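Right, one structure below, let's go through it.
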């Protein structure tokens, strides 16, 4: 069979993408280059590599994207205090743009006409990957097997995959399905599906991989200092050691956070495709950094800018990222605003990590002066005339008095509870 | 001296308001009715009452506002997931409208021409109280001694107050200033000023009154279940007991939260008057309820409504309350929207309280069906055609492809990191 | 051929839907009930009726939705000052929910298993209709011929339709394609496609149907008075006549507006599906009512409520309607807020219509008192202490002074231009 | 009398500021440097100069700020589509920052310890000027006579000013008060107070100075072309002439607009200090440019960016400017976002000006390609699969179906009107 062309497949070494790899080559007649992004997940890289080759991949390319991931995405999220629906720190969403970009670069370099992935048809990730692919280079076509009837009708359950694997000589480590699916990277590990689909039941206690059980954490709180420049963590210090390399400091915080069980969440969220789903996530470093950054902003950022930033930038950027719209004009537009807001976010925050908690112990800035003890003090009247406040209140009350009058006239007194 | 009229003074029994009381009567020639709101603070009510009388108040009126406070304000904040600047649960701001309303009611009933209070000239509370007073009844004039030069120039420090107290026979419990000021109510205790004005130093460990030290909490997590109707907590259950009365369930959660050290925050915030200040707050019940409510909304609220609500209602309501604009058309406008958003927030959330943490263990709703295990499942294709997602992605990508093209043409490839 | 079931087809009598009707019956084997909504468009109803019957429709149902359209949708848009992308008054978008609802009611009453329409695959209308259909009753399946390959591959241009019409005996009034497409209803007529696709060229002068050429309008401006209750127009008066019936006053304003050439716009807009398109619209009554309503709000609505309403309600409601999401929880959520904002929008506005313009001549309200000549007057100091403004300014300047200082320290003086 | 110091007074030559000038020198003992900004108003500059000198000013400095005003403020407003409360183009608000900055520069250069102005105590302008002064240099103190009891109690009406003028030898052109006050600059002329305080009455027909009566405009529409680069007008062409200098093109458009009676508005607005007031404004060039810019954005700006920009930037920037907060971190924050949004706003718009109207005749861009006739066309299926829309609709309908179901279960059918 003449090759139908060259596909760059996101290959993890698991059962699904192994079957897809084989199916693309044997059933569909493609030449397949496998790609795996190293975004900090636990992985036996050599084994994945060997397996891809064994199954017929013409190449297996593994790219270390950890630093790029941390600097371009994770730190941006920290600058933004990004959070989806008030809780989720976006670990998966942050990784997708970096992976998609690298996969497309490989596809272009390898002369592929196609890219492919193993995402299911109901999730967020297919959107995130494919919207990125299409923005980056729409001439490269997408093969999404789990949305191709020929594929998804043939492989209707895990058993069909196992049968195919057996038939095609695909090595399978376990014939039993995991009770939930996981997706790991340096920002977090996510857990969903399977037994987690019942939102009334807690996840199994042994599920979490990036955090220890908070109740088993050390008895003594751990002091950690984080220093920021323009909202970006530039130094992390604890136990007498300083970490200044972006990746190293992130990894160091992941270790501290893991030890103290910091950053577990368990939520029901609204997927981009309109379906609610239950997800569990543990994000130690991100949780610590977000707490520190949020705290520093209190000290150094103008209150009105902060309010506008919170309402528009933080909210919009988080949604844009969650929905997989990183490569979009709106992300660029909002991010420009974010960066501008961070010019003065310079200073350091001292934290205590303890059994699931990140407590703030103190914050300071050598360069920023918006906070003034003198001015803040209730006792000092230096540079402050209390009489001014009377005017401030009276002017602000002009509208309110009319409101009260309106209420009175319509028979509702504001004095009544 | 003929009376200059009748003043309703917010009287706490402390040094400041005792001096104000005496000053209003003796120096200024007013007849003073004292008012003290019971919003759940720790207080020796009889002693305050006796002191007011002894100092010459014509009356001392104490009103129990706890239920009204919890139901009208605290529960509204919970429905709203209210938070100022990403962290502060607004405990003080929530109490002010209830107190101001009750004080004005007393002023009206007692035929006062004036209301007075002991708030300082640089804080938020003067704004909150007075904007409320002026909205409720602008015919009643406000006497704010800490903004009257005659008063604040005379009493320039604590020693001046102590001298006056000694001279006028005002009983003083301690001649030493507290190292910070506190304001307590059932929602929280706040701590600010004094030694807390240095934001780089942690507060003294013995400062907190509504929470125990999290590191000394019980070894075993405590299970708590909270049931909501229309976003309002209607039942709290733990250790085999159910609490259904609003005030009782709130108090019960305060006790649980205290034991487990839940709800401490330490922040630098932006006051309405444009000054940054450092505040510490411990809000056990509010923290637990907020966590539960936020979680339930994930299960039962439409995603798009939630996003709009978060961005506009939650943000605006929190700021409005913080700034003391409860009695305003904008609060009414925003709150109407809030209540509408809560119609379907019915269900229960199971939590674990443990050493500063509130973990979600599970959530469910008998009446709301937006979450569906079947639909959520990645494996099931019941009522779902994966091919649809292809169309969804392609249509959403139309804009993005043009964006990518634009970038290419201007020499920036999205494929480059 | 046994019937494949019963289809309720939105039938206009034109070439497209006539071919669809015949195709559904003859080629596909459906039993077809035709439905046509009367939303105020110019139409020869009897002829449409006769044609449908002649082509084999089992029934032709025409429903007068004009009043419902005006009251439920057009007046809501007026209350909202709705506008898409700063200009478009949403005439088409407003009609869709009313039509879709009526068509589904017919489908249900006639026991149809399917609904069908003649919308093209790239426009907004298919989304608006189908999102409504699916929200109202997802058990009724949708047949969208212009998105079914079997249909759109067969009918690739107007000639294919004409050939089919000739073959099937479908009466055709003109064999020449119109140079653009039109969609008419009582709120506006829209013009797009064809020669209008070149946005650099003006539309042909004889295109507009609901407005005369402004340059040919009467020499004398026409006075019109509009009275509102809760933001809804309840009386329109001109030339000594009063119109109080919703439909009658709307029609009367359409006539006035037509005469004076009011309400033409010509824009490039962003469709929901991500494509830009050029549209021309003439909306006489809507333009007059919007101008009047906007003006009255200045007089009677609190400024802060107005600002919040503008930013969130007006913006969101307009987008929701444009995108066809009328039957959605977010529309209900936003509209609840809109209605609340209109409680005090009572009063009347006097206007002058003249050659494309709507000038305001005056506004007044018997019931609303937020505006006060006395208070507004720069000369009067009744109830106003100018000293208060000093305090107001000083307090507001606290932040700004720090900002100026920050600038100075970083070597940028605000004094430099 | 030894001088109390040096004041830089904003001096217009009118009765008010002439009395203030005299009062500052004679009654208060200041040395006064007069300052007058040329922002394009009609003025007899020599006469003002002579009068200031005659009244005792130590210096009279007139600065031509027209180009700075047009480029830094007016064009920024055009880029923003700025509008306050849906109608006001901010002519006065835009001039204030430029004037305040120049006055402070003069104050600094002349070694003044004070700045002064003649704004009344209830208006917006005092806020705009003083917030600017305080941000720029808080060490220079502000003297606001109309808020100093000593002044405003002495001069309680026009007659007191006239008496003082007579006594002090201040030349007075007319002893009769104008029936309203005016403020003119190149962006607009504003009219308020006096007889305009009755919002139910139209302004006198002879009031308008920057626009002719629209009903008397030429019989033939006038063609005008405006070309934009990054949202800034760089070329205006009509009657065979091109204008490329910022100031010249602005003046040219003012002339065209004046002739055709373009840009009159008459509104009731909400002042920053919480008072409603009635204002009339005529802004010919601004109205034409805004129409052109708004139109071009439809052609060249991404729809999602536009929506975000409209909701946040346009809304916020307009409010910030209106409230006099130009010299603020929030204005800088928002404006940064505005500029980013304009990078692609390149192209030209052809307009017709006719009796109060600005009609768009066509728009095009040599560099921007977001609009595509091919793609926009309903007939072409090039690069578009109609089947995709089915998926798009189905996925978007997932939430809506649940909403419909919820309604049905609660007994409300969406099929019912």
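Every chain is named by a letter (A, B, C and D) in the order it is written, and numbering of its residues begins at 1.
Heads up, the rule we're going with is that a contact is a pair of C-beta atoms (placed from the backbone, for glycine too) under 8 Å apart; a residue touches a chain by one contact, two chains touch by 3 or more.
A quick note: this is a predicted structure, and the numbers were derived from the prediction, not measured.
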Using the touch definition from the top, what's the fewest steps needed to get from chain B to chain C?
1
Between A-D and C-D, more contacting C-beta pairs sit at C-D
Find the chain most remote from chain C, comparing centres computed as mean CA coordinates.
B
Distance between the CA centroids of chain A and chain C (whole Å) is 40
Using mean C-alpha positions as chain centres, tell me how far chain A is from chain D in Å, no decimals.
43
Whole-angstrom distance, CA centroid of chain C to CA centroid of chain D, is 30
What residues in chain D touch two or more of the other chains?
273-275, 302-304, 311, 328-329, 370, 387, 389-390, 392, 394-399, 403
Counting only contacts in the complex, chain B reaches chain C at residues 273-275, 302, 304-305, 308-309, 311-312, 316, 328-330, 332-334, 336-337, 340-341, 395-399
Using the touch rule from the top, collect the residues of chain A that touch chain C in their complex.
302-304, 344, 369-370, 375, 385, 387-396, 398-399, 402-403, 405-406, 409
Touching chain D in the complex, chain C uses residues 68, 72, 81, 85-87, 98, 101-102, 104-105, 108, 120-123, 126-127, 130-131, 134-138, 144, 146-147, 149, 152, 157, 181, 192-193, 197-202, 214-215, 219, 221, 264, 266-270, 273-278, 294-295, 298-299, 302-303, 306-307, 310-311, 315, 319, 325, 327-329, 350, 354-357, 359-364, 370-373, 375-379, 381, 384, 386-387, 389-390, 392-394, 396-397, 399-401, 403-404, 413-415, 417
